[in-house]
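Two complexes, one shared chain (chain A), two partners (chain B, chain C).
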Partner chain A sequence: MSNIALTRIQREFKEVIKSDEVKNCQIKLEPFEDNFTHLKGEIIGPPDTPYQGGKYTLDIVIPETYPFNPPKVKFLTKIWHPNISSQTGAICLDILKDQWAAAMTLRTVLLSLQALMSAAEPDDPQDAVVATQFKQHPEIFRSTASFWAYVYAEAPRNEKMKEYEEKLKQLQEMGFHEKNSRITALSSKNWDLQAAMEFLLP
Partner chain B sequence: MSSSDSTFEGSDKKESDNSSASNYECNICFDVARDAVVSMCGHLFCWPCIHRWMTARSGRMTCPVCKADINEDKFIPLYGRNTTDQQDPRKKVPPRPQGQRQESENTNGGGFNLGENFSMSFGIGAFPFGVFSTFNVPDRQGHYGHGHTHGPAPNQDEQFLSKVFLYVAVFFIFWLILA
Partner chain C sequence: MNNSSVTTKVRNEERHKFCWVCYGTEEDDTKDVPWVHPCKCKGSSRWVHEHCLQRWFDEKQKGQPSRKVSCPQCNTEYVVILPKVGKFVYVLELSDKIAQKLSPILAGGIFIGSVYWTAVTYGAVTVMQVLGHKEGLNVMESADPLFLLIGLPTIPLMLVLNTETRQYTEYTPPITEYPLSATRVLCGAMAFPTVATVVGKALFSNVNSNFQRTLLGGIAFVAIKGCMKIYYKQQQYLRQRQRKILNFDDGDNSEKKLENQTTPEQESTTHDSYG
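Here is the complex of A and B:
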C-alpha cells in the first residue's frame, strides 16, 4: 500500500475509534489483517426501518490509490434493500463510485451506508427485484426486509415472521433444502408459495 | 474533515502537539499541509495532493471537501514564516501556483499619475491628448456620465467600465472629427 494510503487509514482509524458513533455502538471498524488494506466494518440497522436492531457486517478493501479512489465496500451480511444486491452484497451508492471525494473517510462512508438503509433510492437500484417490490408492494417489502434482518442480522422477531417461517417450512417439505434459496425465492415472489416453487424448479 | 477536538497521540511522527494543529492538516492526506494551497472555497490542501486529485480521474474538478468547482489556476499558495519552499522537490508535479499581487489602489494618491488608462490611450496617437485628460480626470472620481449609475461597484469593475466608456468616447470623437 502506498505511503499516503497507509498513513491516512491509520489516522482515520484513530478518528473512528474516538468518534461518538463508536461510543454509541452505531458503527465499528477493525482490520482483517494488520496491514490496514482489508477492514471489517459493522453498522447497526437504523431506527424506524425494517433493519432496526440488526448488525450488518461490511467488507472494506482499501485500494492502492486511496484516498484518490474510493474504498471497495460490500455487505457481508445478507440484506433486502433496493440498492444492495440480495445475492452478492454489492452496493449501489454514488459516493462509492463517481461521487467519491478525497476528504471523505471510512467513518463518513459507514454513516452514509446507514443513511442509505434509512432512505432507499428505488429509481437507481442495484437489485431490480427488490426495487420493484419496494415500489409496487411497500408493505411486503418492509416485512420481507425485517424478516431478512431477523434471519441474517440478529434483529428482533415480529408477528409477521411466523407466517413466513410457515411458508419456508412448506417449501422445505417439498424437497427444497437450501434455506437461503428458499428465502430468496419466496421474497422475490412476494411470498407466493406457488410462484416461489416454480422459481426454484430447474 | 477532522473535528477540532481530534488530537493525535504523541506517538505520531509529526509533532501535532495541540488540537489547533489539525486546523492546518491537508484535507486529502490528513497530514500537516506541505506546499500548502487553499482553494477559492477555503479548503486547505498540500499542492501535490490536490494536484493528484485533479489529475487522478479526468474531469473531476470539484473540491474534495465541498464539491465546489475548482480550477488549477485559482489556488492560493500559503506562505508561512521561515518557509524554505524553494528547496522542495516538486519535479513530479507542476510548481505550485504563484501568489498574485495587485498594487493597492490608494497608493496612487491625488497627484498627476493617472495610471494605465492614460498610457493605453497614448498608443492611439498623440493628437487628442487634451481631450483625453478631460475625460480621464472626472472618470477616476466616478462622476462622469454612466459611471454614476453603478454606485458602489467594486473598484476593479469601475476601472474596467471607465476604460470601456473612455474607448467609446474616443471612438465617438474620432468619428465626429472625421465626419
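Here is the complex of A and C:
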C-alpha cells in the first residue's frame, strides 16, 4: 500500500474510534489483517426501518490509490434492499463510484450506508427483483426485509414471521433442502408457495 | 455538542491546518510544504496540501489537462494558473491543437475527394466506351471543362440511381427475393455500360455509329435480361407451388420420402442462368 493511503487509514482509524457513533455502538471498524488494506465494518440497522436492530457486517477493501479512489465495500450479511444485491451484497451508491471525494472517510461511508438503508432509491436499483417488490408491494417488501434481518442479521422477531417460517417448512418438506435458496425463492415470488416452487425447480 | 463548542472546534481546525486528502496536520509535516485553501469550504475541509490537491487533480482530469475540476463538497471551481510558456512551446501547443481538430476534417475531405475523382474517371471511361475511343476524346476535349467536372461524375451517380429506382418499382412476387443489396446495385450499375458495348458489338456489328450501337446493345441487354428474369421468377414460383410437406418419418416409409425429395430438385437445377 502506498504511503499516503496507509497513513491516512491509520489517521481515519483514530478518528473513527473516538467518534460518537462508535461510542453509541452505531458503527464498528476493525482490520481483517494487520496491513489495513482489508477491513471489516459493522453497522446497526437504523430505527424505524425493517432492518432495525440488525447487525450488518461489511467487507471493505482499500485500493492502492486511496483516498483518490473510493474503497470497495460490500455487504457480507445478506440483506433485502433495492440498492444492494440479495445474492452478492454488492452496493449501488454514487459516493462509492463516481461521486467519491477525497474528503470522505470510512466513517462517512458507513454512515452513508446507514442512510441508504433508511432511504432506498428504487429507481436506481442494484437488485431489480427487490426494487420491483419495493414499488409494487411495499407491505410485502417491508415484512420480507425484516424477515431477512431476523434470519441473517439477528434482528428481533415479529408476528408475520411465523407465517413465513411455515411456508419455508412446507418447501423443505417438498424436498428443497437449501435454506438460503428457499428464502430467496419465496421472497422473490412475494411469498407465493406455488410460484416459489416453480422457481426452484430446475 | 452545542453551538459554541462547534464554533471553537471550527476555529481550532482553521488554526491547526488539517489536510482533507491525507488527513495530516501541519504538525505532521516533516518539511515545509505549501498549503492552499482553494474553495469556499470551512472547518476541516478548508485546508489541503498543495501536492495532495495536485494528485486529486490528476485523478479527476484523467489525462485531460484542460478539464475543469470543482470542489466535491462546495462545487467551487478551482482556479488554476499554468506557468507562462516560451513562444516556441506556445507554437508547439497551438499546432498540436490545430492538428487534433483538423485531422478528422482533412481525412473526410480526402475520402470525398477520392470518391469524386473515381467518379470522374469512371464517367470519362464510360463516355469513351459508349462513343468510341476517338470520338469520346473529341467530345470531351471540345466540352467546357466546368461542365465535364460536374457532368462526368454524375454518370455513375445516374446509373446507380436508375438501377435503384428500377428495383424498387418492380413487382416482387412472394417468393425468394434477396433484399436489395447496395453492393449488387453498385456492381450492376457500374458494369452496365461495358455490358451494353459488348452486346452492341456482338449483335449490331453492322451499325457504324459507336453511340447508336452501344445504345441498341443496352436496350437489347435490358430486354433479354428482363425476359430471363421473368422466366426465372415464374419457374421459381411454380416450384414453390409444387412443394410438398412430408409426413413425419417414423422409420417404415423411408423409401417414399427419398422418392419425393428428388423430383423437385431435378427440375430446378437447369434454370440457373441469370442475367
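We take it that the second predicted complex is superposed on the first by the 202 of 202 C-alpha atoms of A that agree within 3 Å, B and C clash if a C-alpha of one lies under 4 Å from a C-alpha of the other, contacts with A are read in each partner's own complex, and residues count from 1 in each chain.
Following the convention adopted for this analysis, a contact is a pair of C-beta atoms (placed from the backbone, for glycine too) under 8 Å apart; a residue touches a chain by one contact, two chains touch by 3 or more.
It should be emphasised that the depicted structure is a prediction, and the values quoted were computed from it without experimental measurement.
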item: Clash or fit, chain B versus chain C on superposed chain A; value: clash
item: First (chain B), second (chain C), both or neither touched by A:P67; value: both
item: Which of chain B and chain C A:K78 touches, first, second, both or neither; value: neither
item: Contacts of A:K28 with chain B and chain C, given as first, second, both or neither; value: neither
item: Chain B versus chain C as contact partner of A:R182, first or second or both or neither; value: neither
item: Chain B versus chain C as contact partner of A:I4, first or second or both or neither; value: both
item: Touching partner for A:E12 - first (chain B), second (chain C), both, neither; value: both
item: Doubly contacted residues of chain A, that is, touched by chain B and again by chain C; value: 4, 7-8, 11-12, 15, 65, 67-69, 101-103, 105
item: Chain A residues within the chain C interface of the complex; value: 4, 7-8, 11-12, 15, 65, 67-69, 99-103, 105
item: Complex interface listing, chain C residues touching chain A; value: 20-24, 44-45, 52, 55-56, 59, 72-73
item: Complex interface listing, chain B residues touching chain A; value: 1-2, 6, 8-9, 27-31, 43, 49, 52-53, 56-57, 62-65, 67
item: Residue numbers on chain A that touch chain B, as the complex places them; value: 4, 7-8, 11-12, 14-15, 18, 65, 67-69, 101-105, 108
